[in-house]
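Just dropping this structure here.
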Amino acid sequence: MIVEMRKGASSEEIDSVVEKAKSLGLDVQLNLGIEKAVVAILGSNTGQLPTELFAVLSGVENVTRIMKPYKLASRGFKEEDSLVSVDGIEIGGRRIVVMAGPCAVESEEQLVEAARVVKECGACILRGGAFKPRTSPFSFQGMGESGLKLLARTKEQLGLPVITEVIESQDVGLVSKYADILQVGSRNMQNFALLTNIGKSRCPVVLKRGFSCTVTEWLTAADYLLAGGNNQVILCERGIRTFEDSTRFSLDISSIPVIKNSSHLPIIVDPSHAAGHYSLVPAIAKAAVAAGADGLLIEVHPNPKEALVDGLQSLSPSDFARLMEELRAIAKSVGRYI
Amino acid sequence: MIVEMRKGASSEEIDSVVEKAKSLGLDVQLNLGIEKAVVAILGSNTGQLPTELFAVLSGVENVTRIMKPYKLASRGFKEEDSLVSVDGIEIGGRRIVVMAGPCAVESEEQLVEAARVVKECGACILRGGAFKPRTSPFSFQGMGESGLKLLARTKEQLGLPVITEVIESQDVGLVSKYADILQVGSRNMQNFALLTNIGKSRCPVVLKRGFSCTVTEWLTAADYLLAGGNNQVILCERGIRTFEDSTRFSLDISSIPVIKNSSHLPIIVDPSHAAGHYSLVPAIAKAAVAAGADGLLIEVHPNPKEALVDGLQSLSPSDFARLMEELRAIAKSVGRYI
Amino acid sequence: MIVEMRKGASSEEIDSVVEKAKSLGLDVQLNLGIEKAVVAILGSNTGQLPTELFAVLSGVENVTRIMKPYKLASRGFKEEDSLVSVDGIEIGGRRIVVMAGPCAVESEEQLVEAARVVKECGACILRGGAFKPRTSPFSFQGMGESGLKLLARTKEQLGLPVITEVIESQDVGLVSKYADILQVGSRNMQNFALLTNIGKSRCPVVLKRGFSCTVTEWLTAADYLLAGGNNQVILCERGIRTFEDSTRFSLDISSIPVIKNSSHLPIIVDPSHAAGHYSLVPAIAKAAVAAGADGLLIEVHPNPKEALVDGLQSLSPSDFARLMEELRAIAKSVGRYI
Amino acid sequence: MIVEMRKGASSEEIDSVVEKAKSLGLDVQLNLGIEKAVVAILGSNTGQLPTELFAVLSGVENVTRIMKPYKLASRGFKEEDSLVSVDGIEIGGRRIVVMAGPCAVESEEQLVEAARVVKECGACILRGGAFKPRTSPFSFQGMGESGLKLLARTKEQLGLPVITEVIESQDVGLVSKYADILQVGSRNMQNFALLTNIGKSRCPVVLKRGFSCTVTEWLTAADYLLAGGNNQVILCERGIRTFEDSTRFSLDISSIPVIKNSSHLPIIVDPSHAAGHYSLVPAIAKAAVAAGADGLLIEVHPNPKEALVDGLQSLSPSDFARLMEELRAIAKSVGRYI
């Protein structure tokens, strides 16, 4: 941490910074420049210290953190890539893992039909929401536990592992009983009670990026999961909120190489929520694979026009089949396969 | 809702839009322009319908919602200003209600000292957090229930009603036992499970704006509380996330008149979290009152340099005393008082 | 244009909207809903009319534009893809056109060396800035006309057409004398005087997206060029400003399919300015090609460590050579070539 | 500047950083932590050096600038507040200076009528645009020089100094002949050619903040003006672009105290462009004065419903008269006057 003193700060003010650092067990190196003094504070866990501890002291102009606030999710902590394994399917390896299915579980017929389609096209994990966080209280809120049961039954029938969202910390146990992968939605990325509970479980988890959270905050949220002992963590980029309004969110394609540089965790991409419109999904999905994503989470509905939720961003079976063909070519061109 | 058809859309495509509307019990008016057809869909609850129902149909280019997605929070639904009453203190009336105190409850001594200071200076509600949602799992997470007990004891001692945050839906009952006002934090504005549970309670609630949520989404979240029957709802602007990095968040001062135009609910402002630095708090607090805010939520710590959380944005007792003097002058100039 | 009246608007107020529309030669269709009246205003150029003309009238609640404000750049205006031809190189066709070179022209030696490298690796257009818009007045501002002359000489020597930036409207003539493609920088996307002058020229032009401009504003700016008669327009996505700070800007990958849907103009991508760091450039470049970009604009410097401007985001010759190999594979996988 | 080396950086890599610094005439202090080395680079002008000079060297992980990139506009450079004087009116002193008038000069009648109204209500400077930068080429572009002449004539008649926008560097001489204050619009804040030319003039200038520029970039742009010798510089906050869509831009109220801390230059606020709607202008204007702004720039039109440009955000004469009364009360409450 670098503490920059104000021009003309007194030696008492500088001393109080040095003492604060020492009281926290940290090393200090003092740079007395011509215009202002700068105090470098050294130690192995300065990333986890709030900068305010020093910024609040009198005579201090600015405090800059050199170390990142996340630790367990960082490449510095673990150099080699992490692999997450789900029913023998490895996420983070050479295979591009495609998870697909409807936004919400609506009925057995819809779910089984969707599962059949996505399996035929080469997806290896089935997605489907039973608990749906909805912006308006007047919208369809999901089927709840009966939706989870349909997911489990479909899994048995077709042999596709299942990913579904958990939205409350008290439901972690319930959802884990049925799901192979828990999904933490964008609005819950900083629901720390939920993260803490999932951290205690050993169920693989997809942590979606908060739509207004930085990569640094995202990896710090991942630390909540890892700190609890759950190291089956997959990150999922799904678009951030910007001023641009031609898409629902702006997919942050650069976050893929940034994560690959900074973290050992696998990262997948959800092009459907970012785009908000089915016609944009294929281009974004292809870009994600080309940029190095380890997988995709795609909404597919047997009949998007009848979908209860997010029909507009769902691919039809034939669109999905075509996209999978195109993705295979892209995957091959970057030395991977689907 | 306005459904704009693509140039050259067929009459079958137009018909399918009309039929969809009729199947939902809505009226339709058809405008056949020279270049393209436009279908206006009329009805009293089109604000609550997803635009996708139509956008997904073939031949449709664009769907625009004319009615807002929120309903109960709107001025259209209730024209006169709502007042929220807490121990005889009215929020939303002529009085500017100042809620102040430390970010986190740290000890009895700290809390009582803070309460004394803020009461002396004219604040009429004590703030203090017992459950703290923290970005990093390695930071202080609050005192929990023992913090709530300290709040209740301090209230008894000094006669100041108390506002404190609830972060989990299962804790709503527990926190309501001790608190006079529940606070929903920015990161929980779209935690719909939490909102639903608070909606069932009758405890006054401050709903902080999600730092990346629009005013429309904020009022739609308020609908979750109101739909449950809890109409003791106070909105709180606390800054939004933008590209600007000289402050922690950018306080959206315009949201005050926007809310006053669109909603009947009272609105207060938290200048401390927006600013992130004590030196900026007074200017923002004064601006909020001048712009029409009904109250303020300000962090004050007996000794900011020793604060465990957010010391940098906390006012010292003397700074707070000075600010309250200045606020009294501003309040008077806009025909209100503190 | 859809004019939504306030609940309870008087019939005089509705009439004044209708009259305003008629005075502008527009057709009107009136929808009298149960709760509020809605006036649809129809005509072929309502996209170019300011919504304020109606929003300012009394009794009006909201005005929504149905038609886009841009016209000449839209697919509605011209359905088939536009091709821009530079010295026999077609931009917007099956070939992915790679433009590469140093950010700034620094010396003949540097430029010729860079040109040789990029040509060898398969780039077909040389980039290099002679006029540099710099954030600080104390930074290197470019070589000016002598830089242009070096570009022209290098072109002659190596047979590579040249793209360079023009930053002032009075320089359009000068720069066109030396350059094969004019570049309008991000900060000048809404410099309408400059656009108007370039519109009068017949020189191909790359219009970079303003880093805080929407796709709609970008296409409307392109209308300035097209309205002047210059239809040799290439769009260039180079990242938008968001809250994310791990990259210099956030490349808006979705803008590629959005532009392909909305406009007939070719679009290229500048991964260097978006990323701000050479290590992120390859992933973004590959994603752009996979998403459908027609070309790339990449910074390459013979010795990035000695670059006067933007060395950090410049690829070294060996990094560029490796990237071009990877891009060839991606291009092939989407049915194109380099 | 703080150069943080990668974990495990070699001593050669560290040396190359030290040498680079020395070659630039800078002092160096080396901190060898347990986990990584950190090099502090000291000198009086490190704010003006690009961080890339070091970031590009091998073994470097991150470079943080401690000093700000602006210099002449900073409080460090000049401690006491700057005053700008226009025809005896001082901007930056105790008086709140209100500049008001129509967005665009449309005719002599309109301008004189507007000028009379704003003068009667207590505004002391007349605003009016002759050159209008418009988003679409099909919109009204202003009256040009004949508009300037009308401004000058109105000034003579009523004795109100005049502020008007200059949009091209070649027009600086022309506009200065007629105007008392030059205005640089938001889209031109980083038009460095324009800034350089105005820097050479001695005409007072209002520098509007780019709607997507940080405070730091804004003050760095002011350095262009000051570096040329023009120290009659007034800053103007006019709203930044964010995701919020209920207002045209989000007025960054916190920028007022931030500027007051960081710079000696006066700052005024334009509530009209931020709001985009007349009904929101008064609340924002009052907030600006309460927060410490030195003046306001407000759009007033004798008949907003007939305005050619921005009628929706213009106040009518009676609305403006009422606002001025309210502003007088606020000004008094913060120890100032209008």
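Residue numbering begins at 1 within each chain, and the chains themselves are lettered A, B, C and D in the order written.
As a working rule, a residue touches a chain if its C-beta (ideal position, glycine included) is under 8 Å from a C-beta of that chain, and two chains touch if they have at least 3 such contacts.
Computed from a prediction, not measured in an experiment: that's the story for all the values here.
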(request) Would you identify the chain whose Cα-based centre sits farthest away from the centre of subunit B? (result) C
(message) Given that subunit B and subunit C are copies of one sequence and touch, is their interface built from the same residue numbers on both sides (over half shared) or different ones?
(response) same
(request) State, to the nearest whole Å, the distance from the C-alpha centre of subunit C to the C-alpha centre of subunit D. (result) 26
(message) Rounded to a whole Å, what is the gap between the Cα centroids of subunit A and subunit D?
(response) 38
(message) Roughly how far is subunit A from subunit C, centre to centre by C-alpha average, rounded to an integer in Å?
(response) 31
(message) Multi-chain contacts only, two chains or more: what residues does subunit A have there?
(response) 212, 241-243, 245
(request) Report the residues of subunit A in contact with subunit B in the complex, numbered from low to high. (result) 45, 48, 50, 52-53, 55-57, 69-71, 133-139, 141, 167-170, 187-188, 190-193, 195-196, 211-212, 217, 220-221, 223-224, 227, 241, 277, 304-305, 307, 309-312
(message) Applying the document's contact rule, which stretches of subunit B touch subunit C when the two form their complex?
(response) 2, 4, 7, 27, 29, 31, 33-35, 38, 40, 42-44, 62, 64, 66, 76, 241-243, 245
(request) Quick one: which bits of subunit D touch subunit B in the complex? Just the residue numbers, please. (result) 212, 214-216, 240, 242-247, 250-258, 260-262, 274-275, 279-280, 282-284, 286-292, 326, 329-330, 332-334
